[in-house]
Structures are given as C-alpha cells and as structure tokens.
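Heads up, there are several structures right after this.
Below, subunit A partners subunit B and then partners subunit C, in two separate complexes.
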Partner chain A sequence: MELRYFIIRRLLLLIPTLFGLILLIFFLLRMFPDTYLVARYINPKSSVPVSVQIEQAKAALGLNYPIFIQYFFYIKALFTGSWGTMSTSIYTGPVLSGIELYFPATLQLAIFATILSIIIAIPLGTYIGARPNSIADQTGRVFSLTFYAMPIFLLALLLQLVFGKNVIVGNPLGVLPIAGKFSFNAIGAIPPPWFNASTGLTSPTHLPLLDALIHGDWALAYSSFIYLILPVVTLTLSLLAGILRFIRAGMVDSANQEYVKTARSKGVPESLVIKRHIRKNALIPTITVLGLLFASLLGGVVVVEEVFGYYGMGMLSLSAITNVAIYGVLGTTFVFGITLMAANLIVDIAYAFIDPRIRY
Partner chain B sequence: MPVKKRHPKLEDYSHTLRLLVKNKLALVGMVITIIYFIIAMLDVVYPRYLGVSSTNSLLAFGIPVSVTPVGPSFSHGFAGLLGYTEMYSLQFPLLPISLAAIKFDMGYSLFIVMIGAGIGTLVGAIAGFKGGYIDEILMRVTDVFFSVPFLILALAFIFLLGRYIIMAVYALLIIWWPIYARLARGQALYIKSMKFVEAATASGASSARNIFSHVLPNVLSPIFVQISLDLGTIMQLFAVLFFLGVISDPYFPELGNIINQGQNWLGAGLWWPVIIPGIFILLFTISINLLGDGLRDVLDPKLRR
Partner chain C sequence: MVEEQQEQIKTKNDGEEYLRVENLVTRFFTSKGIVKALDGVSLSVKKGEVFGLVGESGCGKSVTATSIMDLIPDPPGRIISGSIRIDDYNILNDLPRLAKIDVKSETDVRVKRNKKLIKRHNFVISKIRGNKIAMIFQEPSLALNPVISIGKQITENILLHNRVEIANSIIRRESLTEADIKSFYEQIKDEKGDFRPLVNSWTRQFAVPVAEDEIVNILRSGADREMTVRELSEVIMGKKRGNDLNVISTMRDYYKREEELFNLTLKLLEAESQNDQNRIALLEQQISNLRYNLKKDFSSFLWKRRFFRKKYEAVFEDEARRRALELLTLVNIAEPTRVYDSYPHELSGGMQQRAMIAMAIASNPMMLIADEPTTALDVTTQAQILDLIRDLNKVTGTSVLFITHDLAVIAEMCERLGVMYAGNLVEEGPASELFNNPLHPYTTGLLSSIPRADVKSRNEIKLESIPGSVPNLITPPSGCRFHPRCKFKMDICAEKKPALVEVQENHKVACFLYSKEVEN
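Let's turn to the complex of A and B:
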C-alpha cells in the first residue's frame, strides 16, 4: 500500500486514542466529589440559601445529567475551548490562555533536545556500533548507562554545579546562568512594547529567543540563547543516552545478519556496508522506542523547568497541583497527552518512511 | 551408588545463575543490588544500627545547630563521614539518613513493581490467550495509559488521590501495570499458537489450566527482565515526585526529598547535600540496569548457550 494511505489510516487511528484520552481526563475530573466542583460557585454571604445555590451550580455544571451525557458535554466543552479557570501563584485566568502562554517554552525545550540528540546520536551511534568492544565503544557504553540511569534532576543539579555562574567560587567553567529565561539587563530600562513586564513573557510566540529574533533585538536574543543552554543540554544528555543504547544494540545485532555477510562478500566497501546495510536496519528498533523515550523526555521537561526556573507548562501543572486548581491540572495533563500523541504520530510516519515493509 | 539427580528446573535455575555470574558487569550489578537489599533489611532486623531507634522520620536524626553544614570528613565519626545537610534549620548527617532512605526507596519501588507486574502479567496473559473483545478492551485501556507521559499521569493521579506518600505509591501502581499487560499479551499470543498448547487443548485442558500451566511460566522471563529494569525507573520516578515537592511530608526519609532540601545549598557552593544522596540513587539505578541487561542476555533463548 502506498505511504499516503498508511498516513491517512494512522491519522484516523488518532481519533479513538483522542477520545480515550478525553475519557481519562473526564474520569479524573468526575472522581472528585460533586461538592468539590460546586464549592467555587457558592457564596455564603448571598441572600439566596446555600442549598438553592448548590442546586443552581449543579445545574450549571450539568452534574444532574447521567454520567455518559456529561462525558459528551465535557467533549463539547473541550472542543469549544471552555477549559475552566485556574488561580495559582504563577498564573490566574482561563486554563486555555495559560497553556497558550506557557506551552511554547515546554515545546521549545523538548524539540531542541530531540533534534540535538538525534543529530548527535546517529553519527556517534554508527561510529560506536561499528567498532564493538573498542575503547570508544566502552566509553560510549559507560556514558550512556550513566546518563540513562541518572535521575534527570540530579543531572540538572550536577550541570548547575559545574557550569553555573557564581555557584562555586573560582570555577573557570562556571559561566552559564542557572535560572530564568533571559537576563533582565538585556531588556533595558525601557522595555519594548512586545515585552509584558507583569508575566515576564514576550509576544507573539512567548519564546524569548524567537521573539527577540523576530523584532531584531540581538542583545535579548543572545541572552535568551545563553539561558537556554543548560536546560537543553540536560534534556539532550538524558535523551541521547537512551537513543545511543538502542542504536548501539541495533548496530551490533544487525552486523551479524546474513545480508551483511553477503554485502561484504560481494565487495561492497566497508563504509557503505555500515551506512546502508547495518545502520539502516539498526535504526528501525531505535525508532520504535523513540516514542517511549519521548514520553520520559516530556516528564524530564517538567523537572528541568522546575530546576532551572524555566517557566513552562510543567511549572503551570505543578503550580496547579500545589494550589489545588483542578482544571489547571486536567488541562495541562490533556495537552501533555496531545503532545505525546503527536510525537508518536511523527515517530510512526518516520518508521514507515525508513522501513518499507510497514505498509498496511 | 547412583548420583542424586537434581530436579531439572533447579538445574535450569543454577545454569542461569552460572551464566549470569560469568558476565562481569551483571555480577557487579547483582552484588551492589544485594548490598542495597542488605542495607534495607538491616534496618528491619536491627533498627538501632544507625544510632536512632526510629527511622520512619528524619527528625530522629536532626541536630539543632545553626552553622553551615560541614562537608565529608573523618573527624566527625561514622555519622559525619559523608558530611551534613540542613533542612528546615536542623542539621542531618548524610550517611545515616541516606542509608535510612534506601529502605523506603527500595521497599516502595519493589512493592510497586511486584504488584504492578503481578496484575499486569495476569491481565495481559488472560487477554492475549482469550482474545476477542477482552483483548480489544485491554488494548484500548493500555493505549490510554500510554498516551500521557508517565510522570504527568502520576502527578494527575496523586492530585486526585491526595498528596501523601501512600497515595504516590497507589498512583504509581495505577500507571505501572499496563506495560506488563502489553508485554504478557504479546508473549501469550505467541505461545497460544504453539503446538503444545494445541495439544493440551485437544486433550481437554481448560483455558484456566492453559493460562496457568502453559502461558504464565513461558511469559515469566521477559517479565523478570522488565522488572529488574523497572526497579531503577520506579525509584527514579519516586525520587522525582519527592524532588518536585508534590508529596507533602518534609521529614520522610527519601533520597529525592533529601536532594530537594539539599539543593538550597547549591547556590552557596556546597555540593555534598546534593551529590551524596544522588550517588546513592545513581549507584542503585546503574547496578539494577547492569543486572537487567545481564538477565536479558542470559534469559534470551537466542543468546543463551
């Protein structure tokens, strides 16, 4: 079957998964007692009796309908953008606009880390996997095992300790800032109109680096680039370690296959054998685990945002949890789920591109 | 005199163990894991070995002094060997509190992984063997669990259940069975098509008998590998939950909790409150990964010699 049909089929398969995800979020919402959801609509000082107020709030929230009808109401609410409101220490207002403000930072960290680790992992994994048990291979294995096993918060703190500015006095490596998105010195005394001083966010994309480039503010662009290094390096190292493990295993595995022997015996140059016959087949199992690795990367983003004070959706979610903002928690969980679904979609399509057998 | 023959299954296990010991890295991993188990058990058998009678709260170790925590040195006896940390204006010796934390870290991650693996394997084996709509429902349910990143899902469930330690355990239990269910289902589908299951069915074995005496024993070896790899992952997740401050128990002996409090000293250039408990986590996760990789090589019938 053509690739086109495969992609269409895969896109259609997204629909049941999406409704399953909404069902999970809805389940989380409805597991809270009704009183919990109704409480915010009750005004004890009002002249209307509280019992009447409770009934009114229940009717407004649709809590009197059967549960499956409520599910459809919830789907409608999600698709029409009424995701509820939240009030936390870092953001107060509608959940959807909060996510719009903070999601770009999360996505930026995840995408930078993914691209960087793929760019590094493929040539490095090829080099290492083609020389099993050499010194390079042993070093690579120690590296990938250590960073794969290291909790991401430990890695982040370690990098802060080694490369953080003013963390250890007299450390020649300590040149990078450890917290925030950019230096406020780069903004200047009179902030530009596209900078919102109260939220500390820039418009239109809410990514300081991109916005500064769009508006041609080189000082801010440089500053936000410097602040981006440590968070991205942390995520990259942990993702890279995972990918490297699988590429190396795949390379060693496919190097023993019969078709590699055939290729060698018919006189294909060694570099081509490695590139076309071994590496191409080693990438297939790697891509299958890429979805899982991306899931743990998204978890890592939350931790990295917390450690480096890089405010994104992870911080929004954490603040919603500590401030008991139900709709904030559910909204961010939903968006994290959507992100992972999109990532899995891309992984599957990449899989079909690389492996010509996957056409059904 | 006839040589006493051992049970073939026992012979198989000892062969597996011999192969595992031959692999140097796996041996190192196994030894360190066993040391961690001993440390955890020591606290149960002889609770006073850390110098305090109760290790369920870090408060028992607290020393009320208001100086900057000192680093690792030999001049403060056994307790001060790895330096001190400070939390909420009390000082804590890092070596004993890390050792006390190992018990909880190991105990809870073992509990979560074992229960999760038990439930997941059973559900997956039944669904894979029975097929039909049970299988379809299971697959859709696991799809939903896999559509949200683990940490985020754990956070959401902890938010739902309440921000206590035991709720964190339940939350991790809820999210950690689908991975085993999928693994067991795939394996059960494969075993279902084997001739010996067909023979058993033909000679009148019920599906319960088939599942318990044919499917489950053959599912176990990949499950064991997954368990050993997941122990490290769960320990990390558990530490992360404490590190993020989602669990509201400031004096619970947990390595992530200790690091969370210790990171306040990072700005002052003190490395030991973070690095020392970090090494305790890292050593465990590395060794359990080495053990898991070794187990996979040994249990894989293709690589087994």
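Let's turn to the complex of A and C:
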C-alpha cells in the first residue's frame, strides 16, 4: 500500500481517538458530585429557595438527562463553547482564552527542545554507536544515563546554579537569566501597542521572541532569546539523553546484522556503511520510542515552566490544580492530550517513511 | 565428445589462478579462549572454475570465505597470517603491520591496532571487494537491507565500482552518428544466421539496449537499404538522452585518475610489504604528485560537484538503473521494473536470492563466493539458483568458490573440490576423482554417510557415520585434528600435523597414510 493511503488512514484514525479522549475528559468531569458543578450557580442570599435554585441549575446544565446524552452535550459545548471559566492567581477568565494565551509558550519550549535534541542526537548517536566501547562511547553512555535518570527539576536547579546570573556571586559562568520570558528593561518606558502590560503578553502569537521579530524589535528579541536558553537546554538535555541511548543501542544492534556484512562485501566504504546501512535501520526503534519520550517531555515542560517562571500551559494547569479550578484542569488536560496525539501522528508517519515494512 | 569435454576441462585446469590462498590462519579471541578457527588453509581457484568446499558444520568453511573477503569481525576475530592473492594482488600484504597481538594467556589477549594503517587497508580492500570478488550469503532475507529498495541496493554496487565504464558508454551513446549506424547495418546485413547476439552486443556497447527489440524488428522487416538505415537511426537516435558530454567526459577523466591513484596505492602497499625503500619513496612521490594534480586539474569540477551533486549523479544513476534492470532480467526475474522498486520483504526467498546474485555480479567480479546459497531455500528453488550460478559461470567465465555441506549439490556443481575438517583442508582434487577415489579417512567417512540411490541391495552397504563430533577449536587435538575420530590412527598422528601433499596427479591429501615420512 502506498504511503499516502497510509497517511490518510492514519489521519482518519485520529477521529475515534479524539472522541476517546473527550470521553475520558468527560468521565473526569462527571467524577465530581453534581453539587460541585451546580454550586457556582447558587445564590444563598436570593429570595428563591436554594432547593429550587439547584433544580433550575441542574436543568440548565442538562444534568437531568441520562449520562450518555450529557456526553453529546459535552461534545457540542467543547466545539462551540469557551470550556468554562477559571479563576486562579495567574489567570482569570474563560479557559479557552487562557489556553490561547499560554499554550504558545509551552509549544515553543517543546518544539525547540525536540528539534534541538534530534539535531544533536542523530550525528552524535551515529558517531558513538559506530564505535562501541570506545572512550567516546563510554563518555556518551555516562552522559546519557546521568541526564536520563536525573529528575528534570534537579537538572533545572543545577543549571540555574551554574549558569544563572547573580545566583552565585563571582561565578564567571553565571550569565543567563533564570526566570521569566524576557527582561522588562528591553520594553522601554513606553510599551509598544502589541505588548499588554497587565498580562505581560505580546501579540499576535504570544511568543515574545517571534512577536519581537515580527515587529522588528531587536532588543526584545535578543532578551527573549536569552531567557529561552536555560529552559530549552534543560528540556533538551533530558530528551537528548533518552534519544541518544536508543540510537546507540540501535546502531550496535544493526551493525551486527547480516546485511551490514553484505554491504561491506559489496565494497561500500565504511563511512557509507554506517550512514546508509546501519543508521537507517537504527533509527527505526529510535522513532518508536520518540513518541513515548515526547510524552515525558510534556511532563517535563510543566516542571520546567514552574522552575523558570516561564508562564505557559504548565503553569496554567498547575495553578488550575492548586486552585481547584476544575474547568481549567479539564481544558489543559484536553490540550495536552491533543498535543500528544499530534506528536504520535508525526512519529507514525516518520516511521512509515523510514521503514517500508510498516503499512497497516 | 567425451574427449572434447576432457580436453576442455584440461585447458581449464591449466588456466591461471584467480584466487590463491596460502597458509591462512584465522583466530577468534573470546572470553573462553582462543578459537583456532583456521589452521593454515591453502587453496586456489582458477579462472572460470567452480571450486567446491565441503565439510561438516563448524569446520571453517564460512570462516574461510569470510577471511577471503577480509570480513572477519574484529573484535573478536583476526587473520593472523597467510596470504590471499586475488588477481595476483595479495590483499594481506600489510597484515603484520596492522596490529600487534600480544598473547598473555588463552583468555587474555591484547590487540594493539594501528588505526591509520587499518583505515588505509579498509579503503584498499573496499575497492577490491565487490569489484573483483563478490559474495552471496546463506540467508537472503537477512543479507538484504530491509529498508533499502532492491534497485537501490544493486545500483549502489554499480555506482561504486563502474564509474569510468558507465561514463564511457554514455559518451558512446550520446556521440553516436549516422555513420556508426550505417556501418553497424553493413556489418549485420550479411549475417546469415541469427543476428540477435550481434545486435545485443552492439546495443550494450552503445548503451541503447532499450532499442534492441525495435532494431531486430526493423532488420526482420526486410525493407531496402536506405529505408532500414533511416528507420534504424530514427529509433536509435531517439534513445539519446541529451546529456552534457563535456561534464560527463570531465567526470570520466576524474574517475580515471582516481583509479590510477588507487593502482599506485596498491603498488605502494606491495613495495612496503617487500620493504623496498627506493620504490616506496618513488611511489609516494608519484602518489602525492598525482593527488596534487588531481586537485589542481579538477578544482572547478570538484567545486561544481559539491553544489550540484544531485544533478551530476542523476546521469550515472539513470545508467546504473538501466544496468540493474538488465541484471535482474539476467537472473531470471520476470518483472524487473516491479522488483527494482520493491523492498526485500516483498519478495520470496528464491527471488531474494536472485536479487542477491544480481547485486553480487553487478560490477562484473571475476570471482564469486557462494556461501551455502541454497541452504535456506526449498528444493525446486534450490535447483533454479544452482542452474543460475552455473550459467553465470559458463557465460561470464566468473570463477566460483562454492561452499556447502550438501555433497549432492557439490557433485552437480563443481569441477574441483576441497574437503575441510576443523579448520584444515584435508583433501583436494577433481570432483570426480574425489567421489570415486577418496583418500583421506574423513572424506571416506563423509561419502559413506550419505544415502545413495545407486546402491541396489539394502543390506549390502549400511549407512555409516563418523564416530565422535567436530572438536572444540579452543583446544583442538594435537597433530592431525582428525586423529581422535580416525579408524586408521597411528602414533605419529597425535604428534605431527600432516602436510597437504600431492599423492596422485592433481589430487592432494593431508594424511600420514599416504605420506612417505611414515614409511621411512
């Protein structure tokens, strides 16, 4: 079967997965007692009796219908409504607008970390995987095992200690800012119209780096770039360590396969044997685990945002959890779920590109 | 008729040797001890000959083949000593300088490798492998790369070794003129019999084999001279691709110079092995001159190639694809274009092995090593593959080193035969001679352990087996490695290793039963 049919089929498969995800979120919501959902619509000081108010609110929320009918109401509301409101220390308002404001920052961290770690891991993994048990390999193994095993908040704190500005007095390496998205000094006395002083967010993309570049504000672009370094490096190191381990293992495994011997017997030069014959096969198991690693990366983003004060979806969901803003929790969970689905889709398609044996 | 055949065999036997292996010693340094896998194997394969190598599993047949290709995985294995001459060049001539092996004890062996020399050695050997000597493996499903299409795997080989030739044939095609076609017609019109072979060789020479059928049809139509020539030139000129001849001839010259450089490197390695200081200095000078000139003369081309690599390669890939399709047809694959684009898992075992053979012969090697090529296939496919290998041997004159444990296959395929036991060649001679008059006790045992259809009475001869099993090669028996299992064991057998000596014409055996030493 051709590749494009595979891709189309895989895209169509997203639809049932999406409904499964919605079902899961819906169940999370319905785990709360009805009274919890109704509570916010009750005014104890009103002249209407509370019991009547409860009945009215239940009717308005559709809680009198059978639960599977409620599921369809929920789906409709997901596609048309604003996903409820939340009120927390960092954001108050409709959940959907909150996600719109904070999701780009998270996506930016995740994408930068993913791209950077793939760019580094493939050549590095090829190099050390082609020389098993050499000094480079041993160093690489120590490196990757260390960062793979280290909790991400610990890594973040260590990086802050070593490279953070003014963390340790007199540390020549301490040049990078440790918290925030950019320096307010770079904004200037009169903030530009695309900067919202009350939320600290820029438009149109809500990514300071991109927005500054769009509007040609080089000072702000530079500042937001500097602030991006430590969080991205933290995420990259932990993701890179995982990928590196799998590429290395894949390289060693496929170097012992018969087809490598065939390639050598044809007179293929060693460098091409590694690039063309060994690496291509080694990438197959690597891509398989990339989806899983990406899931752990999303978990890492939440922690990294918190440690570096980098306001994003992670902070939003954390504040929703600590403030028991139930719609906030559901909304952010849904978005994280969709992100993971998208990442797995990309992984599957990349898999099909590399391994001709995969066509479901 | 019989005489004629014998005459042919004789002339073949008198032919030159293409491969000559002498005293090859290969060892594997494992944590359990040193595996003495090959213990001084010597054999030779003549041009156009099929040489069979038989023995039980674990006797070192495959290690011999792998050593000849210099594909012993290091670590743990290494070729320790010996020489392997392929087309009169000893690929092991820099062997002693590649690594220092320090044997402290059986399990503690330190190998100190000279990385720079090993790199050069690998470079040189990679130009010989696939080009002069190719190999097909036992399990085609494992030996083909699962993620690269069959076509790509074949063209890879062609593009590695046949650059100059490809460039030449493209140039010939693109510079074809009416006069060429006229002279071709003159040449062919008087041909009374079947003119297909002539057409075939001509189209190959000018890289227009796609036009072969059309040419034959035109010639058969029997139109008058002018008409035919016009039609011919119309068809043949239509096959031109309009490539830029300047670029291709520059590339050809470049690759030619690279080949010269490689030949000089071979000479340098030879001189180094003979420790001929004057010659080394001279050759090094020549090589550095050539390298300098290469960079100087082709600097603009090299620059352009760096940026337009795809564009330059496309012409060669196009021609390589054409040749690959031809090869696939040659190995009896029915739908070459479909197979070209398919991946190994989409083919059956027999088809995979055919593709593997096409891949091995892609760069016209004069020697093919077939390491149990039919073991993994079912019987009918086996026969087809064997036929294919034999046809290749007859048509292209490629020598074949055929490794198997199946004596029936050997009897059918090979002219000469070597019998291996525990890392030694114990007997060697013409196949018919060995089957009718086996000398070594091991060969006798091997032959009497196969069921034979021509033995009439059931109780006349019982199937025999050789007592015992192949020895552990970490601690092989002293002297003759076969002596613990031998019926005719003598005292000397455990003390001394018998040499492989010629006891009858063309028939060599390594056994004290036939040695003069014992009689004395």
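As a working rule, the second predicted complex is superposed on the first by the 358 of 360 C-alpha atoms of A that agree within 3 Å, B and C clash if a C-alpha of one lies under 4 Å from a C-alpha of the other, contacts with A are read in each partner's own complex, and residues count from 1 in each chain.
In this section, a residue touches a chain if its C-beta (ideal position, glycine included) is under 8 Å from a C-beta of that chain, and two chains touch if they have at least 3 such contacts.
As the structure is a computational prediction, the values presented were derived from the model and not from experiment.
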item: Overlay on subunit A: subunit C relative to subunit B, clash or fit; value: fit
item: Touching partner for A:Val268 - first (subunit B), second (subunit C), both, neither; value: second
item: Contact breadth on subunit A, by residue count: subunit C or subunit B; value: B
item: Partner chain(s) touched by A:Ile152 [first = subunit B, second = subunit C, both, neither]; value: first
item: Touching partner for A:Leu340 - first (subunit B), second (subunit C), both, neither; value: first
item: Partner chain in contact with A:Thr322 - subunit B first, subunit C second, else both or neither; value: first
item: Vertex subunit A, arms to subunit B and subunit C (CA centres, degrees, nearest 10); value: 80
item: Closest Cα approach, subunit C to subunit B, once both complexes are overlaid on chain A (Å); value: 12
item: Complex contact set, residues of subunit B against subunit A; value: 140-141, 143-153, 155-160, 163, 232, 236, 239-240, 243-246, 256, 259, 263, 266-267, 269, 271, 274-275, 278, 281-282, 285-286, 289-290
item: Of all residues in subunit A, those that touch subunit C in their complex; value: 257-259, 261-270, 276-277, 280-281, 284, 354-357
item: Contact footprint of subunit A on subunit C as seen in their complex; value: 69, 71, 122-123, 126-131, 134-135, 137, 139, 142-149, 156-157, 160-161, 343, 345, 356, 359-360, 363
item: Touching residues (chain side subunit A, partner subunit B) in the complex; value: 16-17, 20-21, 23-24, 28, 31-32, 145-146, 148-154, 157-158, 160-161, 164, 167-169, 295-296, 298-300, 302-303, 306-307, 317-318, 321-322, 329-330, 332-333, 336-337, 340-341, 344
